[in-house]
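Letters A, B, C and D mark the chains in the order given here, with residues in each chain numbered from 1 onward.
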Amino acid sequence: MTMNRRHFLTATAALAGASLLPLSASAADTVKLGSVLDTSGIFDAYGKPMDMAMRLAVEEINAAGGLNGKMIDVTAYDTQSDMALYTQYGRQLTQQDEVDVVHGGILSASREAIRPTMRKTNTLYFYNVLYEGGVCDRNIFINGVTPAQQVEALIPFAMNKAGKKVYVLAADYNYGQITAKWIQKYVAENGGETVAVDFFPLDVSDFGSTIAKIQAADPDLIVASLVGGAHLSFFRQWAAAGMNKKIPMASTTLGVGNEHKVLTAEEGDGIMVAYNYSQELDTPANNAFKKKWAEAYGDANGVHEIAVSNYQGVLTWAEAVKKAGSTDRDMVIEALESGLSIEGPAGTVTVDPKTHHAVLDVHIMEFDGQKMKVLETLKQRQPIDTQAVCDLEANPNDNQQYEIKF
Amino acid sequence: MDLAAVIVVETVYAVASLILISAGLAIVFGMMKVINLAHGEFMMMGGYATITAVNLGINIYIAMLVIAPIVVGLIGLLVERLVIRHLYGRLVDTMLATWGLSLFFVGIVTMIFGNTTTGISTPIPGISIGDYQINGYNFFIVIISILLVLLIYFVLKGTRLGLIARGTMQRSDMAAALGYSPDRIYMATFFVGSALSGLAGAVLAPLVGLVPSSGGAYIAKAFITVISGGPSVIAGLISSGGFFGVVNQFFTFAISPVVGEVALLVSAVILLRLLPQGVTGRFLKGKL
Amino acid sequence: MREITLQRFAIALVIAGIVMTLLPLMVGTYTLTLLLVYGMLAMSLGLIWGFGGILCFGQAAFFGLGAYAYAIAAINFGESTVPMIIAVLVPAAFAAVLGGMMFYGRLGDVYLGVITLVVTLIFFKFMNSTAGPEYVIGTARLGGFNGIPGYQTLNVPGLPEQYIYGDSLYYVTFIALFVVYWLVNWVLQSPFGRVAVAIRENEQRASLMGYDIRARKTVLFAVGGAIAGLAGAFYANWAEIVTPGLFSLGQSAEIIIWCIVGGLGTRLGPILGAAGLAYLKFKLGQQMLIDNAVITGIILVLFVLFLPKGLVPAIEKIWRLSVGRKRGRRPARSRRGRAASHG
Amino acid sequence: MAETVLETVNLTMRFGGVTACDNVDFSLKARELRCLIGPNGAGKTTFFKCLTGLLTPTEGQVIMRGEETTNWDTHVIASEGVGIKTQVPNVLDGVSVQENIWLAARRFCSSADASRKTEEVIDRLSLSTIATSEVGRLAHGERQRVELGIVAAGDPWLVLLDEPAAGMTSDDVEQMIEIIHDMTKTAAVIIVEHDMQFIRSVATEVTVFHQGRILMEDHVDTVMSDPTVRNVYLGKKA
């Protein structure tokens, strides 16, 4: 959204007027954290563990004495997998509940629905999800893996294993569209050829014809950026046709919502992925985290990539509030931009001051018996895709999502 | 050449699955002039019944072909007794009430099973056609659909029950004249229709990731197929299922799955504009 | 007659004014604006279904079309006045074409239902698959699943810098709803509206009287489309993002439920049904105990079974039995749920 | 002699293999009162429906006041000043008697004139006691009368009535006959009827249909005494 200055000013003025207490004067004894996630509806496989992770992080912080002596108070809304409810609850959080920070949003659509509201109302916003990259906005911090961190590592690895002819399947919305372009770019850079790119709306669940088309194209490798429950059918039907034994597959999304545990071992085995987190990471930080999760929720089977991202996002924000000694938006942003870093279950996460994205570890993995087996670990990767287009230190007023161009 | 064979198989499969997902709705509509908008949810519950049974260690074929139809049929029976029977003869009201029921079932299943994608894998391995691998389960669905159509045909044509049913289809007071309580016949019909919906949902479950809202994907297609087919159950199902299946697959292969779906919908609008009583309202009149 | 109408208008104006000022004391204007938008949307279906006997399963198509038309036009024009007009005209024109096709084709109720439903599905599928950069109208990307954010929202006509938002948007929407409500009232009292009721009651008789029912239904359908489009435009201004979800079957279902619960064939019923149920849904969204859909579903089933005429007629009846009888006023026309069973 | 206002030429209507109307040539003069009679399935109602545009004939023409109306829609024929009453009472059940008649009158004049016309018709058909009642709640005879009121409200020059006396009490019938005679002051009237008692009391010219054709046309008394007619039509009764 191109921000209109006048609009922005009047909106802020009106808000300040409407709220008797200005935002900075959080004289109350609590710090207010707002959360908007799909904890029901078709995306709840992503949202529920994210919600649990957020609450776990808040509990820990409160148990350790809170932030600067104040307890964190959570205001959470369930957006029911309905994009329209994001704007509604987003505004409720900023205008009625007047929270100090908002963590949330899952699909890129939901992020774009609330980002303008957050910016307009000067509410600090954390989007803690793996995504297509390119968002450049001083008010938002993103700690999810971006294509340069993920695709750039995954594609050469997979092509090395499988071959040069790549067939791309992607979800038909901005995540899929942009990620597909990144995939094409890295395929070309590694001397391969993209034979076809097919996009599927999120409700497509019959892939019979696609599977026949893929065979007609006869690629060496499939790269799938498919999203949500309906698209899971593709992997089932692929395996049912016996294709999983014939053509290797890599995915930029499968496993983010623990899909490898929904698919059977026979269906999933061998699919290559690259993420920041795996339950199988055998590090003291991860083991401790899984133990805490199990204590809070029974068992740690539900933990997944973006739940951990959300957990790390809350920790990062908390760290910055402590460092700033305040919840004032500008002071917290300054603290975050100082190159702040935390140790999360998935390793070190450092805020990149230039892009407000994260520098983090990426693991190349393979599905094996409903687990994600780590094959290779790439330490502290920079979000170079966004860095190439976005520099918030030089242009703090930039506000757009860049798309890769060829 | 192999690709052509694959396309033919996929098209036959598309037709068969349309017939399968529409059969339960068609019987209820043909016999009772009731449009059950909770049909998709009945299918979804058939899927869940199957998955639950399989997870309990029951053989997948028994789960699909026996348990799911019975469970969903019983749910249908309950629905008929509690809601539908108060609304006979009020077409629009039954549509609204069953729409309400569909929301209700989505909610209930969400509360019981959670809103996460579940599923089971297909029990049949892939089959090779020349250089192509094809989902072997497709053939299973085609066979089930053919058996289903034959079964409906013989029941309607060859049994006393079918005679009563056909009489009721033409004139609802016929059954009463023959000395059968229409109330009982409607009850039985709704049970059978629901059971078929459950069967369809069960048989399709291994192909899709199942969520409580899965029913929505089926109802529109089933609704269109049944209405476009018109008053005759079998002839209507086969003609409109055949037509839409071919249109859908043609555009799917030629362009993309989305265009295939849109082509199906557009052709439905055109078809209904040209034949406002459905295919069998105009042609094949009086056929089963 | 005329004096009574004027008097009633004056009373309604005063009541509306009081309601408009009191409501924000109880509920936030942000939520209220949405309830008003839904009220207007329900009124559009209430008009064509309750008074014209046309059961449209796809009223959401016109709502979504209005919202999208507004968003696309607003991006291209950068000023909201023309887009608001376009957002009314585009759905109205589309409804006229679609309605003409259906009514001149003499389609029965159920077939009409299927076609409107299918058209909504087509919009939904199409809009969902427009994420690619090739789907552009003027300078506006259609955006696919993500929808279109970041367009010019409502401004004072001619002054694109003077935004109407927040509380002001609530007041403007309220006034718009009031104006549309009275326009609908006026239409219903006019010969056109009375003939529409005649067509609902008995199509054959209406045509034996010499009325061209196909043309009249088409016009009524287009009017319904226009109102739904206006509601869509206000929605676009409220949400500041339009998504394909506007075309979803669930949205169409909700509009029908609002009308049934509020009372079909009444003027106020659909508006109250919409506002009440939307508020309930909003409140339910904040609890986790019981799934939202369960409650909506049960409400619909119970109403169809036990109160098919809806709340407003039921309340009217109780009112008449307890108070109204003494005053000997002309009883409000009872609808006997005919429209519902006719479809 | 008055001019011919309605004429059919070779009017034929086939349904599949059945020919319901077979080459019917028929004509009617202004302000004439004519009854169509014949046994069940003789083609009277089909003929009637072809005249009103409810059916489009397979062959032949319908000509009204010199204009061919064969393929016209019902509402166009009706708005030319043809008042039509169908076999089953066809009224607007959910609204008042007044509203029914007003709507019929409004097609041909302004709202104010329609209101005047409504009062006049209500008066003429003695409907004033039930003027504000909802039509759906009235007795059968009253509903038939309301429908005649709807027909009369349009000031038609041609009135087509399909079984107006069906299911009425003798008092009702008497009143009905009076209304019909009243109508013939300004309009030609065609009545499709079974009830010979009724036709006798109307005392008029009749056209006898048999097997889709016109068997004979004459005054009711002549027709009644004709042996052929007695044979095909009244044979069962006699």
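Here is the rule we use: contacts are C-beta pairs under 8 Å (C-beta built on N, C-alpha and C of every residue); 3 or more make two chains touch, one makes a residue touch a chain.
Owing to the predicted nature of the structure, the values given are computational and were not obtained by experimental measurement.
Look at the CA centroids: the one farthest from the centroid of subunit A belongs to D. The chain closest to the protein's centre is C, with centres computed as averages of CA atoms.
Look at where the CA atoms of subunit B average out and do the same for subunit D: the two points lie 48 Å apart.
Note: centroid distance subunit A to subunit C, computed from Cα atoms, is 37 Å.
Between subunit A and subunit D the centroid-to-centroid distance comes to 76 Å (mean Cα coordinates, whole Å). Note on chain placement: the centre of subunit A and the centre of subunit B lie 39 Å apart, centres being C-alpha means. For subunit A, residues touching at least two other chains, in rising order: 40, 172, 199, 201, 203.
In subunit C, the positions touching at least two other chains are 125, 128-129, 291-292.
Shown for subunit B are the residues that touch two or more other chains, namely 110, 258, 261. Under the contact rule stated at the top, the pairs of chains that touch are A-B, A-C, B-C, C-D. Chain contact summary for the complex, subunit A toward subunit C: residues 1-2, 4, 6-7, 10-11, 14, 39-40, 77-78, 80, 82-85, 87-89, 91-92, 95-96, 107-109, 112-113, 116-117, 172-174, 176-177, 199, 201-203. Considering their complex, residues 191, 194-195, 197-198, 200-202, 204-213, 330, 333-336, 338 of subunit C touch subunit D. Residues 52, 73-76, 78-79, 84, 86, 90-96, 99, 102-104, 106-108, 111, 132, 134, 136, 150, 154 of subunit D touch subunit C in their complex. Across the complex, subunit B meets subunit C through its residues 35, 83, 86-87, 90-93, 95-97, 99-108, 110-111, 216, 220, 223-224, 227-228, 258, 261-262, 265-266, 268-269, 272-273, 276-277. Contact residues of subunit A toward subunit B in the complex are 40-42, 44-45, 172, 198-201, 203-213, 215-216, 229-233, 236-237, 239-243, 246, 259, 262, 264, 266-267.
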